[in-house]
Structures are given as structure tokens and as C-alpha cells.
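In the two complexes that follow, subunit A is the common piece, with subunit B as its partner first and subunit C second.
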Partner chain A sequence: MNEPGHEQQSAPGKPGEVETTGHVWDGDLREYNNPLPRWWLWSFYATVVFSLIYWLLYPAWPIAGTYTKGVAWINYEVEGEPQRSHWNSRALLLRDMQTGDAAVRQREFLQVIAEADHDTVLSDTDMLAFVNSYARGIFGDFCAACHQTGGAGIIGLYPNLADDNWHWGGTIQAIEQTITRGRMGYMPPYRETFDDQQADAVAAYVLSLAGHEGGDPEQVSLGGAIFQGYEGGCYACHGREGLGLKSQGAPNLTNDIWQNIDVTGAQSHAERQALVRDLILRGVQREMPAFGDRLSPAEIRVLATYVHQLGGGL
Partner chain B sequence: MSEQYQARIPIYPRSVKGRFRNLKWAVLALAYGVFFLLPWLRWERAFGPDQAVLFDIPGRRFYLFDLLVHPQDIFWLAAVLIILALLLFMVTGLAGRVFCGYFCFQTLWTDVFMAIERAIQGDRGARMRLDRSGWTAGRLLKKGATHAVWLGVAFLTGLTFTLYWADAPALAAAFFTGQAPFAAYATTGLLTLTTWLLAGVLREQVCTYMCPYARFQSVMFDRDTLIISYDRDRGEGTAGRATLRGGGRDLAARREGGVGDCIDCDYCVQVCPVGIDIRDGLQYQCIHCALCVDACDAVMDRLKWPRGLVRYTSEHALAGQRTRLLKPKTLGYGVPLLLITLLLAWGVAHQAPLDASVSQVRQPLFVRLSDGSIQNSYEIKVNNKTQYPMTLEVRVSGLDGAVLDMGRIEQVTLMPEHRTTLLARVRYQAPPGAARQQALVFELVPVMPEGLDPVLVGSQFILR
Partner chain C sequence: MKHETIETNAGLLIALTLVVISIGGLVEIVPLFYIDDTVEEVEGVRPYTPLELRGRDLYVREGCYTCHSQMIRPFRDEMLRYGHYSLAAESMYDHPFQWGSKRTGPDLARVGGKYSNDWHVRHLIDPRAVVPESIMPGYPWLARRDLRYDDIERRMRALRIAGVPYSLTEEEFAANVERFGEETARQLDITRARENLEAQARRGNYDGDPSRITEMDAMVAYLQMLGTLVDFTRYDEGYFVEFR
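For the complex of A and B:
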């Protein structure tokens, strides 16, 4: 390839002909001169100036382990404490969540709901819609780790909140109390008290309470005697009819809902009986921590209303 | 070495009178009338603002006279955009850059800015002399006055645009008392600046350098497209164009001698707002404003020669052939245009008064209750799109024995333009052997006002 040569710049002669720059390659290749408009150049300089100002104001250049922070600042509050930092989008978000229009309106409506009585909230579609949407976030942050998103729980570990069966009561007040103070659920182990035969008998009786046919009638009747008698004393918490006692967190045994053992998933009566017997022998000890110091009363209020609605029932 | 960057070559368009100029003034008057007055037009509504046209962004509603547009109607926007695009393509294929020449904001506002400039600084010759003169007090005064009036028009343009997004009288009052939201000042300020810049300073450079439509419209041209063209055969004859002095004043004698009808008066060049010579043929800069047609017609009228040396014509017509308007391209744009327009009209006419959606709660999908029945939960979203309050009942059907539990909510009253979310639980005592998944229909039945059709939304019920 030849070095570019030079010739006189050509000005357009006939219409449609274009000026050339005067560069010539290979003897006959010429470069058209279509110069950019000068305002375009100015626009380019303007963007350069803009970026310089931007670098000066805002976080821009990474330098080793840190970065240039810029001279613009942002004031915001965290839990009432005024804070000031260089401008950054996280602080902007914090400020919006504290003092943004939507955040203020949300807090105001939360307060309205917290001050309304339960009946009003449960009968008002707008309040319920707010409760369900607002409390879902709290539930996700504080409850879902154990109770799972949606409150289905895990059998043997964490109770199901989406059904209508409540150990400690399903009224909003009872749920509020559960959240605020936490709960200690305890059933003593009967390992030392019952022999295998007795444990089998009580298991058969308990299954019959829940409507599971197929137990040996003799076992059931023996189990009933133990359950209702001094020997077992089960009635003290679960009640004479097995309906449970909410003040103790003692579950209702007459329905087919099982929170600790997967009775409904078992294939045979013998399997079911073994599950119940093992539970009686090892007992149950469970704790739900108190959230009274972590959530505000208003938050607990909407959370309790949300949980109450998940499954219904009392 | 030539200049790397080219300074703008100043254009001093001369004023012209004629039929196309009159048509353009009429279009301008109509466009300005609509744009500047529409926000002030009041409109009676049962509910909502009393402004005829209001784009309420925070409320997520567009009010267009008696039509209320919701975010769910976003498809209308798609239809409107398709219609506008097809219309532009079809009109451009038929009649060239009609949009650029008569309707484009850039053309309309530049026209007004040029008229202001002319009123203050005088016509072409006076403006050229002014620019050549030194920086005298008179020049400073005239230039300053021009920019001041331009900025005034630009400010009114920006403010008017802003008024479409809020209640116009209230916002205007708030604007001048410093009470308006920052967005109002920012929008007005930005549009004032850009209007002044684009219509006053940059002008034809917007069309030639910035506007993509200007460039791709020529793709739709064909030999039947109406273009503004110089009749080269008539203008140049066989011996080329000649001035009156060189070629004479007598048309017959000129033609005898082969001299063209163009008297090279340059009037068509002087009136051109983009600074081209139409006699060089079709050029990408040409916005088809037809002012050169008016200029040439004026000259021909004065000479009592026939008009039309520069005229709307097509390449086929110039070559002595017939211009076909009904061509495959016209049909190709026209038929979809008609279909989409009908579809949009149908959509607007059949706007549902009530929007509803049902989504099943998926965590957990189902739960067993203490009485042995299965419960599924659903989230129902309802949106009252009318301008009157509406009371609804929720029912389920399609699954015998299914019981709906809405807690204490028996009826839902939705204020106009209001929406809410409801939690619905459905319980079902499944017969043995029932399939895992059952169909279920939610009925949203308006009880007040009467006569509205219930909205049916299908869903499913999961047993295990």
C-alpha cells in the first residue's frame, strides 16, 4: 500500500459532487470531506464538562480499596438520629423510606389500623388489603424462616399457621400475645412412666379420638383408662374429650391435624400407632421466641391480623 | 487541510405569500389553538377532575374528555403508536414529507420563531445587513428583543405542556407563586430551553442532523410519490435557464430560442428554510414545506406565465407518465392501518367497567382443616374503572360443595377509579377418589348498580 499522497483539496463543482480532503491512496482513492457540524463538537465538549462536574459531586472513581466520594452530601435519619454522608443511593433509599411521601402515608395508615378495633379492620377491605400487603413483608423478615412463606410450617418442627387449628388460640388477641411474649410448649416424656404396652394403648386411644378406625378395641379401652386416669393424666392438658387446652398450648386431639408427626402421611394403622407412641415416649418441647422487643405494637397488630386470616378459624 | 468541523452556514429565509403559506398558517393556527387552549378546557365529570384532558401520572389515569384510560389499557397506546407509524408511512409514500412540511412541531415552532425574527429584524436583506454590521446598540437591541420574545414563546410552550399533567388553573397559580412541585419547574424549564434552542438557534439542523424520521422517510418514496420538484425540462429548455435580461420577457420568444422558463431569480432559494436549491433535484434536506412553490408561482403570476415550474409532482409525471396512487404499497399500509384503527375503536367502545384477576396463593397450595376439608386461598384483585361507586359480591361456582370464606367481608364497595385486593379462602370436602386438581370459577357480581354483567374468572382448586 502506498503512503497517502496529497493533492489540492477539491471543492464541489457540479451539484451532487462532494468536496475531498486532499488525501490520496493508491493513486486514485480519495477521502470525501463531510465535516461534522461544529455544534456537535460543542455538544461533545459539554458532555466532557458535565462528567467533570459529576465526578466532583458524586461517587465516581475507584481508587485501590476505596473510591472518590464527591462533595455532594445527603442528610437522612435512621431511627430519629440525623445522619449525613456523601451522596449515595443507599442513603437516598433510607431517606425515602423514612421521609418519602409514600413512607409517610404508609406510616399514617398503619397507625389508623393499629388504633382501630379488630372488628373494624376485619370488615374493611382497604384495611385488610393494607394488612395483607404490609404484614407479608414483616412475616417474610421475622416469621418465614421457621413458619415458611405463607405459614405452612414444617411438620415436627414449626406449626402450620395456614390451617384453622390453633394450639394457643387463633383470635387476633391470642396471636398478638403469642408474638409479643413468645410461647413455651411442653409435653413431658412418658418414657419413664409407661411401658411399651401402655404407650401402645394410649397411642391407639389417641388415634381413635382423631377418628382413625382399626385400632385393637382392647388397646383402645386400656389406653382410654390411662389417658383419663391418674396413671397417664393426659386429660389434665388435653381435656376429657381430648379437645385440648389453649392456655397450655395443648393441641386438640380429636381432629386429624398433626403438627409433630406425619400421621396423615403414614400408610397403615400400625405405622400411625408407632408414630404416636414414639411421640408419647419422647415428649415435646418447643419454643417460639418473643418478638415484643423487636416489633412495634402496631407491627405486631397487623402481623397478628395477617396470621389470623391465613387459615381462618379460632 | 480542510476544516474538521463545519460552522453552520447561516440561512436567511425570505418571506413569501401564497396558497401553501396560507395553508401552513392555517395548520399552525389550529395546532397552536389546540395545544395552548386544551388544558384550560373544563369538562363535567361525575367523579374525578373537571379538566377535559389531564394526564394524571400519580393517580395513574389519563382523562381524555369522556374517556378514562387506565394502565391496563396500555394496549391502546400500542395501537395508537402503530396507527401513527402506519399513517406516517402511508402518507409519506403517497405525498412525500407532508408531516415534516406542515405538521411537525419543529416546523411549526420554527415558523413562529422566524416570524418573530422577521417582525423585529426585518426581512432577509435587512437581517443579512444586520448580521454584517458591527455590534452596534441597534443590533444588540434587535437581537436581544428577538431572543427575549423567543424565550417568552418557549416559556409559554413549556408551561402549557406542564399544565397537561395537573389541574391547569391550580398549577398555573401555584407556578407563579412558587408553590408548584419541583417537577413542574423542571419540565417547564427544560422545555423552555429546548424550544428556544431547537426552534430559535438550531432550526434546520434538527431536521438534517438529528431527526431520524427525516432520514428514513425517503425510504418510502417511489416514482409515484408526490414530491416538490422543479420541472427541469420546462425550466432549462435546451439552452438552459436565463434571466429576464439575458433571455427576454417574452415567453414564446424564449421557448423559440430554446431558453428555459426559469428566470434564475433565486426567489425559490431565498425562501427555503433549509437553505437548498430545489432546482438541484430531490435532496434529503428538503422538508417539503412547499414555500418554493409559492415563491415560483408568485414570480410566474407577475410575469403572467403559467404556474407550476416548481410544483407538487411525481417522477413518473415529470417523465410524462401517469402517477398511480393506488399501488401495492398504499394497500400494504392502508389495510393494516384500517384494521388496527377498527381494533382500537372496538377496544375503546368495549372498555370493561370492572377488571378482576384471581391468583391462587401458592404457599401453601392447599391445607387440611380440622374438619377434614381442604382449603385453598386466593388473592382477588378488583378494579372499578367506572366513575360511580360499585358494590360487588364474590361467589364461587363450578365446584359443587365448595364453600367460599371471605371472613367478614360480605360485599365489597369500590369507590370510582378505586381498586383493592381481597383474600378469599375456599373450602371443599372432597369425595373419595376426586382428582387432584379441580376447576373453579370466581364470579364477581355487581349488585349496585344493577344491570352490569358479572365478571367470571376461572381458577383451580388443588386437593393434594
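For the complex of A and C:
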């Protein structure tokens, strides 16, 4: 390989000819000199100037155990006391939460709703519109994975919130409690207690409570005795008339609305009876998680109002 | 030095190129080893228990991080959806951390306690059984496979080398009692790892099957503790700003 040689740097003479750097390799290999376009060069200088200003304003250069904090400041409040910090995303968030337009408007609405009584909220169209749009968002984030997007739930797993049948109560207060503290729906399994005949009988009685004709009258009366007696003890939770007990989350068995088994979808009386019998034998244990630590009381109020409205009822 | 000297000397060109491009990285990374106030001082953060640790390893094995981040950023919309923004302290014992930025699914940094164990089990076996719109793949084998934990001590020893305070000696145990309290310190004791793992799986019964310890037990134990260690009601709003 030849050592690179030198020539005079050449300026373009004729049009179409390009300036070279003057370096020559292998005798005739020359390097074009294409200067950067002006706009590019000046943009580059501008970014340099920009970074100088940036370093001045914002946290930038590390020095020993700390760093230059910059001269841009953010003002916010902690418990009413004004505070100042160098610019950073956490302080920025605090300021945004405290004085940002959207945050302030949202907080004002939430506060009004938290302080108003339930009937006022339900009859005020402005408040209701806010409740519905805000709650739809948080219902999607926190509840829909179980109760499904429209609140219809999944039979056997998560209760339907869009009807007016409530295990724990459908008033806004009761729903607030459900959300804040969570609920543990529990009915003991009767596998060890009942033999086949008894289980069939109780199932027949439960179906008769819900108005399903076609059960064997003998079974129904035997079932009734077990339901109301010491052996079954069902009345302790579901009540003498089978109307349920909200403090236990025990459902009303007379309204033919079923959360755990698809009785109304079954084709024959025998199929319905089998569904109820199996449920009694295996019992129920379902958990609704507590959201008191995750959502603020105002958010829970908004959610409870929204959920109450889905189906109404008490 | 002249332009030409560098340009005509390949070795020098490579060396100087390396110097120039490493400046950017060094300036960004090295200071983090010295700046002492990036990790917040908070109560409650502790290393994983043996069962949670196995769950975390499964989380990495299954590639959950390819769709889920564990990093709530300090923006208002993220706080409304996921809860308090993540702290550096909350992942100080993670090697490697699972921050990520790919969110095909939601952020999981505070998913602990949001759902029931039962929901997680159903969801992991077949996501569409509970969330019809979901595009998450199912992981049914987690419920079928027995959890392997005969190597749990070795996993903890490896993390100990990386600086996680799992204890091997009496002194280390005593230091953990001082730092985390008796109960947690016992969980961090490598010599008791197996019995701790079995006890937690039995007590928690995460997968609903008390007769055996499956990979599902470990995964759900891990998911249910994510983001639950720090009690944010104990710190005023301005506290975490001081660490920036």
C-alpha cells in the first residue's frame, strides 16, 4: 500500500466538480470534501446551546456524592406549608395533583359528592354524569376483571351487580362497606351431613321455595323439615321463609335469581334438582377483596353510587 | 493531533472511538454508584421469602416481563390507575429488576391484594375464563407441575453474593433481626429455607390444593406481595421528593 500523499486542496472548478480534502491514497484515490449543510450545522450548534441552558435549569451533572440541581424550582404544599424543590418529576407530580386544572376540577367534584347525601347525588344530573364517567373508569381498572365490564358477573364465580338482587345489601352504604372491607361469602358444605336422599329432598324444597313446580311432594315436605330443623339448619342463614339474611350475605332463595348455579337455564326439573343438590353438598366459599387501602373514601362513594344504579334495589 | 494522523492509523482510530462513545455511558451510570440519596429510606422493604423468590424466578422463566412492566411512573394518570409511583427502594433486592417499559398488559408493580388467590389461579390457567377480552396466553402447567425447590438454598446464596441480605451465619442472622425484625429475619435464613417455603405454601394455600406445592403456589405468592411492602400512609406527600 502506498503512503498517502498530498495535493493542494482543490476547489471545484467546473460545475459538477467537487472539492477534495487534498488527501491522496494509492496515488489517485482522493477524498471529497462535502461540508455539512448549513441548516444542519446550525441546528447542531443550537442543540449545544440548548444543552447549556438545560444544564443550568435542571438537574444535570454529578459531582462527588450529589449533583447540580439546576436553578428551576417547583412550588408545592405539604400539609398547608409551602415547599420548594429543584425541578424533578416527583415534585412536578405533586404540583400537578395540587394545582393542575384537571386535578382540581376532579377533586372539587369528588369532594362535593363525598359530602352530599346519597339522594341528592342520585337526583342531581350534573353529579350523576360525573359519577358515571369517573366510576366507569375505575370500575374497569379494579372491578371488571371479576364482575365483568358491564357488571353482569359470571355465574358461580362473581356475582351479577347489574340486577336488583343483593346478598349483602344494595343501598349505597351497604355497597360502600362491601368495597371498603371486602366480603367473604361462606356456606358450609353438606357432603358429610346429608345422605343422598336428604340432599335430594332439601334440593326439592329449595326449588319449591323459588316457585318451581314439579317436585315430589313427599321429598319437598321432608326437605322442608331438614331446612327448618336442626339437621340442616339452613334457616339460620337463609331465614325461615328463605328470604335470606344480609348480615351473612345469604341470598333470598324465593326469587328464582341464582348466582352460583344456572337453575333457570336448566332444561328439566331433574336437572335443576341436581344443580341445587350438588351446590348444597359442595358449599360455597367466595372472596371479594377489600379496596379500602387502594381507593380513597370519595372514590368508593362514587363507585358505590355507580354500582347501586346499575340495577337499583336494596 | 491532526485529523490525518487518526484517520490513517486504524488502531488509534478504534481506541479513540471507544473513548468517545463510552463517555456518554460513564457519565450516566457511574454517578449512580456514588450519589447516595437515590434509594429512599422507607420502612417495610425486605427481600423475598423463599416461596416468593421461586415465584419470581418463574415469572422470569415464563417471560411475563415481555408484556408487563413493574414500574409506576410519577404521572397523575398512572397514580389513578395503579396507585403510588414505584420507589427505587421497592426493587432494591431485585436482581434483575423487572421495571420494563413494555405494557401489552397492565403494570403489575402493585397488583398484590388487588384480586383473590382464586382469581389469579383461574386467570393464569385460562385468562379468557375470567376476562373474555384478554389476549394474555394461558399458563395451565403452573397448576400441574410440582414446584422444584431442592435448589432453593443455592438460589439464595447466589443472591447473597449479589448483596441481598439472606443470612448464613449467626452474625448475619442477628443483623437481620436488628434490621427487619425477628419474624422476617427467620424467613431470610438460608438454613431454614425449605421449611419456610413449605410452611408458607401450606399456610397460604395459594392454588387451592393443600395436598401439594405447585408452581402456581409460588407464582401467586409472588404476585400477591407485589407492591404491598411500603405503607404509604406513613409518609407525607413531600417526603419522597427529597430523594430526587
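We take it that the second predicted complex is superposed on the first by the 214 of 314 C-alpha atoms of A that agree within 3 Å, B and C clash if a C-alpha of one lies under 4 Å from a C-alpha of the other, contacts with A are read in each partner's own complex, and residues count from 1 in each chain.
As a convention for this text, a contact is a pair of C-beta atoms (placed from the backbone, for glycine too) under 8 Å apart; a residue touches a chain by one contact, two chains touch by 3 or more.
All values derive from a computational prediction rather than experimental measurement.
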Touched partner set for A:E287, first subunit B, second subunit C, both or neither: second
Which of subunit B and subunit C A:S133 touches, first, second, both or neither: first
Partner chain(s) touched by A:T264 [first = subunit B, second = subunit C, both, neither]: first
Touched partner set for A:N252, first subunit B, second subunit C, both or neither: first
First, second, both or neither for A:Q309, with subunit B first and subunit C second: first
Partner chain in contact with A:T66 - subunit B first, subunit C second, else both or neither: second
Partner chain(s) touched by A:D164 [first = subunit B, second = subunit C, both, neither]: first
Contacts on subunit A seen with subunit B and repeated with subunit C across the two complexes: 148-149
Residue ranges of subunit A touching subunit B (in the complex, touch as defined): 9, 15-16, 19, 21-22, 33, 35-41, 119, 122-123, 125-126, 128-129, 132-133, 148-152, 160, 162-165, 252, 255-257, 264, 309-313
Subunit C to subunit A touching residues, read off their complex: 4, 7-8, 27, 30-31, 34-37, 73-76, 79-81, 83, 85, 113-116, 118-119, 122-123, 130-133, 236-238, 240-244
Subunit C-touching residues of subunit A, taken from the complex the two chains share: 4, 23, 59, 62, 64-67, 76, 78-79, 83, 85, 88-94, 96-97, 100, 102-103, 137-138, 141-142, 144-146, 148-149, 154, 157, 286-290, 293-294
Partner subunit A, residues of subunit B touching it in the complex: 1-8, 202, 205, 209, 277, 280-281, 361-364, 367-372, 375, 377, 405, 407-409, 412-413, 420-423, 425
